[in-house]
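To keep things simple, chains are lettered A, B, C, D, E, F and G as they appear, and every chain counts its residues starting from 1.
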Amino acid sequence: MTNDHDDKSAELSFEEAMQQLEKIVEKLEEGDVPLEKAINYYQEGMKLSKLCSEKLTKVEGQMEQIVNEQGTFEPFIVQEEE
Amino acid sequence: MTNDHDDKSAELSFEEAMQQLEKIVEKLEEGDVPLEKAINYYQEGMKLSKLCSEKLTKVEGQMEQIVNEQGTFEPFIVQEEE
Amino acid sequence: MTNDHDDKSAELSFEEAMQQLEKIVEKLEEGDVPLEKAINYYQEGMKLSKLCSEKLTKVEGQMEQIVNEQGTFEPFIVQEEE
Amino acid sequence: MTNDHDDKSAELSFEEAMQQLEKIVEKLEEGDVPLEKAINYYQEGMKLSKLCSEKLTKVEGQMEQIVNEQGTFEPFIVQEEE
Amino acid sequence: MTNDHDDKSAELSFEEAMQQLEKIVEKLEEGDVPLEKAINYYQEGMKLSKLCSEKLTKVEGQMEQIVNEQGTFEPFIVQEEE
Amino acid sequence: MTNDHDDKSAELSFEEAMQQLEKIVEKLEEGDVPLEKAINYYQEGMKLSKLCSEKLTKVEGQMEQIVNEQGTFEPFIVQEEE
Amino acid sequence: MATDRYLTVSALTRYIKRKLEMDKHLKEIWLKAEISNFNHHSRGHMYFTLKDDRSRIQAVMFSGNNRTIKFKPENGMNVLVKGEVSIYEPQGQYQLYVQTMEPDGIGALYLAFEQLKEKLHREGLFDPLQKKAIPSYPSHIGVVTSPTGAAIQDILTTIKRRYPLVKVSIFPVLVQGEKAASSVVAAIEKANQLNLFDVLIVGRGGGSIEELWCFNEEAVARAIAKSKIPIISAVGHETDYTISDFVADVRAATPTGAAELAVPSQTELINRVNTLTRSLHMVVKGTVLEQTRRLSQVNKSYAFRYPEQLLRQKEQDLDKSVEKLGRIMTYFLNQKKEGLRQIRIRFGQQHPQRQIDQAKQHLQLLYQRNDRAMRKEWIDKQTSFNQVLDKLTLLNPLETMKRGYAIATEKNGQIIKSTKQTQPGDLIMVRLQDGTLDCQVWGIEEGEEI
């Protein structure tokens, strides 16, 4: 099931995941949520926030990698001519 | 009977259980209840309360578990930036 | 993959790379770019920027080389006669 | 390829070479030249300038030789009589 | 080739040689002479100048000789009669 | 050649010699005489000048004559006016 | 009435006219005079003035009278006229009406001269194109003149002085009198027959018109015109021309003048030869000098003397082009670099880190809210549960047993509220505070109902 879920989440973009998370949080914050539902929401919210977090971590990693790869790039100095 | 009851209770949500419980309390408060009935009510109430309690405890456990499960991700400590 | 990518980029002229880079910058400047896309854009932009930079450096090198090759000819200094 | 190119250039007169050189400068001045083409133009221009330079040097040598050959004759300048 | 050229020049009269020489000098002074042509003009001009110079010297010599042959140049001194 | 020429000149009358000399000078004065021709004229002219000069100075005492009715000549003695 | 005393001009004129007509002398006048203001009117009448040194008179000769005259009256002509004097009324002018007119004595010779001149002129004998050139350097001169007299001597002296190289032969002729003309003609013809002469001088010294007359004879004129030898005429004075003068190839005023015309001066010739020789020398030398100068000019020309100049310009051009090429290329590169630099600055500002950080913050907030909301929910539920549980606990019907009460029930749990519900020996249950007793009814004591 975790896989199932992961797969499904994998399809979510960071923004979509964040939106779902927001919705869940809002619902929880409204109160009056049946306990079992609430815990489900909670679980879902936690999963989403984990997903987002992972995505962020991944993105940060990519950034680092990019910077490292292109690292030497160091913008040139225009030669004074005229 | 416990099973029977459990089964039956299992079908109750926490909120339903709480409602029934509250009804029982109300009835008992009315006073005119013959002792035997009162005892029954009471017994019923006790059962329901046990159910609720269990549900609450279970959810608490789930919460803990969820937190623990997701635990590794430990949402970043936001670097104080702005 | 790096090679693959390089090859593909190798086919871009400096001007095309600059145009693509500009488009990317414009899109990023417009905002509202989803994070993953943004990071992809950024990565692409970094590559393009590097490519442009390399092309410029290469051409500069070529210029220097050309000057050095022709170097022996050492454009005469007009003999002051008059 | 260098020989090829030299042969072809050898057919150019000094003036033609100068004209081509000027055309190249004009084209570069116009700006809109792709970077890779620009360096080719530059290379071509430098080659032409070398060619011109060589031609000049050759002619200078010829002139010197002529002057030396005729040297003894020392063209007379009329003794002012009137 | 020099002989060839000399022979050809020998056929030129002084005036023809001078005219050619003057034309050459004019052309050279106008500027705008293609480089390769300029050197040819110059060479030709030097040759013509030398030729003219020789012819003049020769004529001068002839004049002197004729005067010497005729003895006194001034045929007679007019006897004042009237 | 000198002899040849002298002989030929010897046949010239004073008048012819003068005329030829004048023609030569005229032609020369008109200008436009090529240098080589001019020296030839000069030589010719100098010879004629010498000839004329000799003829003028070699005065033969001519006698006046009378032509009588028969067409024969008799020496003329100036008769005193009657 | 007063006007009766006054005449009209016509009346006066008519009166004068009548008076003149009555004078017989004036009817037939003979006059010797000179013509002037001659006007031959188109209708045939001749109008002119007759004059002498002191006076003049207007004259008219009507065409009916002038048709017979044998000469052409001209101004300056002396004439003998016959006529009458009368008045021309419209002008109140007296004038001579001429009936006959003859030339005066000397006027007749003059007339003959003019008429011959006119005739020969018309024949073309004076045509300048017919005139032969006098040779510049004659070797033999014929002189047709009187062997005596000043003329021949002047001629011979002059020739000897000027040009002793020439031979002179004299044709002695008569130069006046009746036979003069034929003598001159014969001499000219003989000279032509002999064919020895370069030039002939024909003439005599000055004299009166009658003395010179043979040179006005037609025969002489024609002989001169016919001559193959060029002829210089030398007759009379400087002022008078003879017909011979007109016909001759050259006219000299005097015999001396003729000799001068016939021969050149030896001195002048020598000068001439010298001049020519000098010119020859100068011209040729000048040519040489000029050509030398021309050559020198060319040799001096800048382009020729400093041929490097030809190259220098080109070298500078080349340098400039090369420099420009380098400059343009560098500029070009710098522009590209600047473009790239600008876009990089913009690109750098779009670094995703900020977006990432914002997302992180947002995520953390959501996470916290999620957690908080869940916990609150749970606590809320727990609290309301506790409340209900408390109430329930308070309402526990078995609570009184704590004070010692017990509840008896039948074996089936039926609460026993009355003694009557049991009989001794029955098994009943008694529930106490902390459990249930299994009991047997031993006896029954009925009591008062509470």
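Throughout what follows, contacts are C-beta pairs under 8 Å (C-beta built on N, C-alpha and C of every residue); 3 or more make two chains touch, one makes a residue touch a chain.
Listed by chain with UniProt protein names: A, B, C, D, E, F = Exodeoxyribonuclease 7 small subunit; G = Exodeoxyribonuclease 7 large subunit.
Worth saying up front: this structure is predicted, and the values here are computed from it rather than measured.
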item: Graph separation of chain B and chain C (steps between touching chains); value: 2
item: Steps in the shortest chain-to-chain touch route ending at chain E and beginning at chain D; value: 1
item: Chain whose Cα centroid lies at the greatest distance from that of chain B; value: F
item: Type of chain A:chain B copy interface by residue overlap (half), same or different; value: different
item: Whole-Å gap between the CA centroids of chain C and chain D; value: 34
item: For chain B paired with chain D, centre-to-centre distance based on mean C-alpha positions, whole Å; value: 102
item: Centroid distance [mean C-alpha coordinates] between chain F and chain A, Å; value: 134
item: Chain centre separation in whole Å, for chain D relative to chain A (CA means); value: 67
item: Multi-chain contact sites of chain C, meaning residues that touch two or more partners; value: 14, 35, 39, 42, 49, 53, 56, 59, 63, 67, 75-76
item: Residues of chain G whose C-beta touches two or more other chains; value: 266, 270, 273, 277, 281, 284, 288, 291-292, 295, 299, 307-308, 311, 314-315, 318, 322, 329-330, 333, 336-337, 344, 352, 356, 359-360, 363, 367, 371, 374, 378, 381
item: Complete list of chain pairs which touch one another; value: A-B, A-C, A-G, B-G, C-D, C-G, D-E, D-G, E-F, E-G, F-G
item: In the complex with chain A, residue positions of chain G that touch it; value: 327, 330-331, 334, 337-338, 341, 344, 352-353, 356, 359-360, 362-363, 366-367, 369-371, 373-374, 376-378, 380-381
item: Residue ranges of chain E in contact with chain D within the complex; value: 34-36, 38-39, 42-43, 46-47, 49-50, 53
item: Touching residues (chain side chain G, partner chain E) in the complex; value: 266-267, 270-271, 273-274, 277-278, 281, 284-285, 288, 291-292, 294-295, 298-299, 301-304, 307, 310-311, 313-314
item: Sites on chain G touched by chain C in the complex; value: 306, 308, 312, 315-316, 318-319, 322, 326, 329-330, 333, 336-337, 339-340, 343-344, 346-347, 350-352, 355-356, 359
item: Of all residues in chain G, those that touch chain D in their complex; value: 289, 292-293, 295-296, 299-300, 307-308, 311, 314-315, 317-318, 321-322, 324-325, 328-329, 332-333, 335-336
